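Naming follows writing order (A, B, C and D), and every chain is counted from residue 1.
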Amino acid sequence: MNKNFIQEEILRSSGVNPKKCMKCGKCSATCPAYDEMEYHPHQFVSMVESGDIEPLLSSESLYKCLSCFACIDRCPRGVQPAKLVEAVRLAVIRQQDKNHLTANDIPKLLDDETPQQLIVSAFRKYTK
Amino acid sequence: MQVKEYKPLIVAFCCNWCSYAGADLAGNNRLSYPADVKIIRVPCSCRVNPMFILRAFQRGADGVIICGCHPGDCHYTSGNYYTRRRMAALFSMLDFLGIEKERTRVEWVSAAEGAKFAATMNEFAETVASLGENKRLEDLRCKR
Amino acid sequence: MQRVGVFVCWCGSNIAGTVDVAAVAEALKNEPGVVFSTDYQYMCSQAGQDIIKNAIAEHNLTGIVVCSCSPRMHEATFRKTAAAAGLNPYMVEIANIREQCSWVHKDMLTGTEKAIILGKAAVAKVNLNTPLTPGESPVTKRALVIGGGIAGIQTALDIADAGFPVDIVEKQPTIGGKMAQLDKTFPTLDCAACILTPKMVDVAQNEKIRIFSYSEVEEVGGFVGNFDVKIKKKARFVKEDICTGCGACVEKCPMKKNPNEFNLGMDNRPAIYIPFAQAVPKVATIDPNACNMLKNGKCGLCARICAAGAIDYTQKDEIIEEKYGAIVVATGFNPISMEKFDEFAYNQSKDVITSLEFERLTNAAGPSAGKLIRPSDGKHPHTIVFVQCVGSRCDACAEKGKEYCSKICCMYTAKHAMLTRDKYPDTEVYVFYIDVRTPGKNFDEFYRRAVEEFGVKYIKGMVGKVTPEGDKLKVQASDLLSNKQLHIDADLVVLAAAIEPDKSARPLATMLTASMDTNDFFTEAHPKLRPVESPTAGVFLSGACQGPKDIPETVSQAGAAASKVIGLLAKDKLTGNPCIASSNELMCNGCSSCERVCPYGAITYVDKEFRMPDRTTKIRRVASVNPAVCQGCGACTVACPSGAMDLKGFANSQIIAEVDAICK
Amino acid sequence: MQKITKDQLVEKTVALLSDGTVSAVLGWSRGEFDYDITPAVFKTAEDLKENFVWNDFCGANFSKYLVAQTGKVEGKILVFLKPCDTYSFNQLLTEHRFDREKVYAVGIPCEGMADIAKVKEIVGDGIVSIEADGENLKVSTLYEDAPALVNAKDVMAERCVNCKSKKHVAYDELMGDDGEVIESNRFDEVARLEAMTPDERFAFWQNELSRCIRCNACRDACPACTCEKCVFDNPASSVENKAPANSFEEKMFHIIRAFHVAGRCTDCGECSRVCPQNIPLHLLNRKFIKDINEFYGEYQAGAEVGSRAPLVDYTTEDLEPGEVFDRGDKDA
């Protein structure tokens, strides 16, 4: 997968427009996992915008984000950094080729243990 | 038999405050455009009634262009916004009836854009010329 | 049938170089209505104009066509010529055969051919011209200024200075507006009161100015030069002309615990109050929601104590009707509500305040007598965090903030930070910014001084959240340049709240039929060339009601609005453009389409009785155009499906005649 | 088959007439044939009992008649409104065309009206009577002894097949149950034409519009065309009425007519119903409606009184007239 393609995929699946960002840093200011992260929420936005995605794909930061969505709530421009983080995670999964789930796969995953919530969120994520 | 050379006839409705002045500026700077373009002065592009456009086509015009102030710059604050909606709807309808869409156009030309005026007219005249005569909207009784 | 004369100008060789002028004159002779046709070297010269005048007399012409340069150049000239010869000036049409013909075409044949067609179009049009007379309306030589802040004060003073009477309507009990609440003003740091209060006194003492304080505009009718305005003077339960402003009642009033609006609720005032010491008019006002006498009929202390006998518990709202020639809107701004910005804990801690509250805290006449303290415990704050752009430049949160930049916050925050460091060098002052915007004379220098001389710590980044913990405010913020998250224990957090137009502006705009943008700022007639006029004739804009502004800008716009008003009031009569819309009542459906597109609110409806063919009568609603307000854009003529609405001078039939002539 | 019966309507009307609530009734009256129903003003119970009709051919939209009739009647006039008629009713109120106080509007449900052209396609000419018979119409002709049975669904008018709403948006009293706004496929035919090449579209319309005889029935029946004087009847307008001597005149008429009602047309379909040449005139109006919905957001004329028609409105972000076509190309 080339760089541009990944960038487009991330933008598409997240639905985020990083150009709306005015670089105020409120996302990072509000982030509870800030100190754990190598790349901070505002950096995600600017790196995705500039297409500098490779470092993000291999960064631990991806999994430090708690998806608390404080950044989405606080961002004055509606950029939604957490959705970008999620999209980058998805891009990683895609690269590992475990990327898709179709409706036909669902029945065999169903058992008494698995919470339905899980199936729903997996479905939401892996069908994008 | 003498073949009459085809020259397109273009009617340009120009807003008094911007494009008409833009046309004057084109003249001042001696920027030429085809003589086929004939300008009718209106106080605002929103004065242009679809009836005028159809009438021009009916009487044998090959193209009609409406020039107004850039959106936001209307002398009357909102006239060109109405023009934009009306003409979008009208042009879409003409297209729906199978009229070549290239024959109608709206351009925003300010009083300072003499060069843009000339360039627009040159380009529009060329486009219309390449379409040939207007046969779909003309009234046969009005033909020269 | 018209008797049309055609005059083809050579313009030296400008036209004659590429157009065979004689051939044009000859060709147009055969057009319908043309009884005379000639050409001349310079039609605009005295000799040329004489040719026109003589021909009008000699051939009894009812209309003339001049084939010459652009009408933008000499239409006015030839109209005057026609008028001098006794012809209605609007019976003149110009065929533009210079700018739009001879100058853009190279060869004689093409040029001549086109000139003839343009001439024919002009002849076809003039055949349908009708004599037009510009409408005249008298001008009421009195101006109304709505809003008594610095914008309204300056506008009123300037208009009064030119000798015209002015009324100021202010909804608060005193004029002065926001500026009266400020401490110092940037970038020169004069004290706001020192420069404002003399102006307030000037207003009070000016014989030409009447102040309707504690009043609101109730209804606006009429049009430019002739507005009819109803003003509601709210009952203040104190006779304004008798009250001396001694303040004895204020001192004795037992109902002391009411939030003081002037200090933004940071301290209390009695039920009867004077907003501040320099108030104009300096008259007490009773708050009917707080006064025990007005609520329960028990007390009456102030009436007993008032030596002048000014208290009147029976006072009622009063409606004043007045005529005005011009109206200036100066309704100003307010900081937006911080209620919805939970992350800054504005509702949770008294020590999170807005910048305007900070102004009051540092103002010598404020709740703390100018001593910078924490509102919660009155202690001196050691660490102060200023947050910029709170609610400004907010795209995502329309229900919380505003999309635009509020313009003044960068500068007043720099001022606050600088003054704090100056007066209390022991404090640590942080300013969190996204961008520092300082366009303005000596503005950037001012901001640099805050950083370089006064040691204010400017940090590029935003505050993410403020958490009250004990007596501290935990501020979590990002420092983008050093890529760190900061945690600051602050004593005071000051929010630079976005500003928005006053809530009274929207209903006022409806009353005035003045247009507004989506943010409720008044729209100007032209963003560059007519910035202080509203598109509605006779309505002018002053100050922040048109967009965020600082004081110097407000004052200069106030002066500009005043000069526009003076220019209008100096006229005895307004002559309008006669090329305006008019409705044929017989065909009008009364459907309101025209009214909806009219940018000027020039169209109203009247019920008219019509005789029907069967001899019955029918009452129908029909459109009526106010000639003093219509500007002649023609938007209504296309909105009208029946063609009842037409534009004089650019009538449907005239334009169609032009189209036909061109396409023939 | 209509759910509400003629007797119910007559009973209701006679009651309102006799208690003085209304002094006249705008209703459907027997015409020359069973399928040829005429709008009429009834003033007496006798007249109503004798001549009032309610069947599958009562398509006429009465809203427009209120413009003239409210001025002629002392007291209130009762009008029957099918769901689609209520939109026209509101639109005319928006345009201040009649006095709401003078009208007593009775909403009645509608199961869809029949199109006589479709009936004739099945049974042929010479129809002498048509009666409702359950789900069917019993059609007797001159040429057949036994009446033909035609399923009402098969002969439903196009506008009813693509009914946009069974909900009444205006009434003083509702008879029967109210329905819902329907997601119809009414724009499919417009979309089909849009997908054609310009030449095909031109040929289509040339074929349709060349049949126009300029009888003005479309205009006269249209509830949006209530002008005191139509531009096409006004010698001063420079575009007054002309016989259709060639291909363009009627195109001009229909384009301008559609433009004049654009944003105001409620898509009631009366134009096509009354066209003696069966020209699908409603497609022109639907094209404007479809465009307006796509360009400026969904708008249903008449859905509420006082709404601002899209063509007398604007936003600063509207699309440019040139983009109208680019948009089409993108879709393709």
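Methods note: a contact is a pair of C-beta atoms (placed from the backbone, for glycine too) under 8 Å apart; a residue touches a chain by one contact, two chains touch by 3 or more.
On a predicted model such as this, the values are computed, not experimentally measured, just so you know.
Among the chains present, the centre nearest to the common Cα mean is that of C. Of all the chains, the one whose CA centre sits at the greatest distance from that of chain D is A. Chain C and chain D, compared by their mean Cα positions, are separated by 46 Å.
Distance between chain A and chain B, defined via averaged C-alpha coordinates, is recorded as 50 Å. For the pair chain B and chain D, the distance between mean C-alpha positions equals 36 Å.
Looking at chain D, one finds that residues 231, 238-239, 311-313 touch two or more other chains. Listed for chain A are no residues, as none touches two or more other chains. Among the residues of chain C, those in touch with two or more other chains are 597, 639, 652, 656. Contact annotation for chain pairs lists A-C, B-C, B-D, C-D, with touch applied as defined. By the touch rule above, chain C contacts chain D in their complex via residues 586-593, 596-597, 605, 616, 618-621, 639, 641-644, 652-653, 656-657. Against chain B, in their complex, chain D makes its touches with residues 190, 193-194, 198-206, 231, 238-239, 245-249, 251-252, 255-256, 258-259, 262, 284, 287-288, 291-292, 295-296, 310-316, 318-325, 328.
Those residues of chain B whose C-beta lies close enough to touch chain C in the complex are 9, 11, 16, 20-21, 23-28, 30-33, 35, 38-44, 46-52, 55-56, 59-61, 72-73, 75-79, 82, 86, 118, 142, 144. Across the complex, chain A meets chain C through its residues 20, 22-31, 34-35, 40, 42-43, 70, 74-79. Chain C contributes residues 343, 389, 393-397, 401, 434, 460-465, 476-480, 483, 485 to its touches with chain A in the complex.
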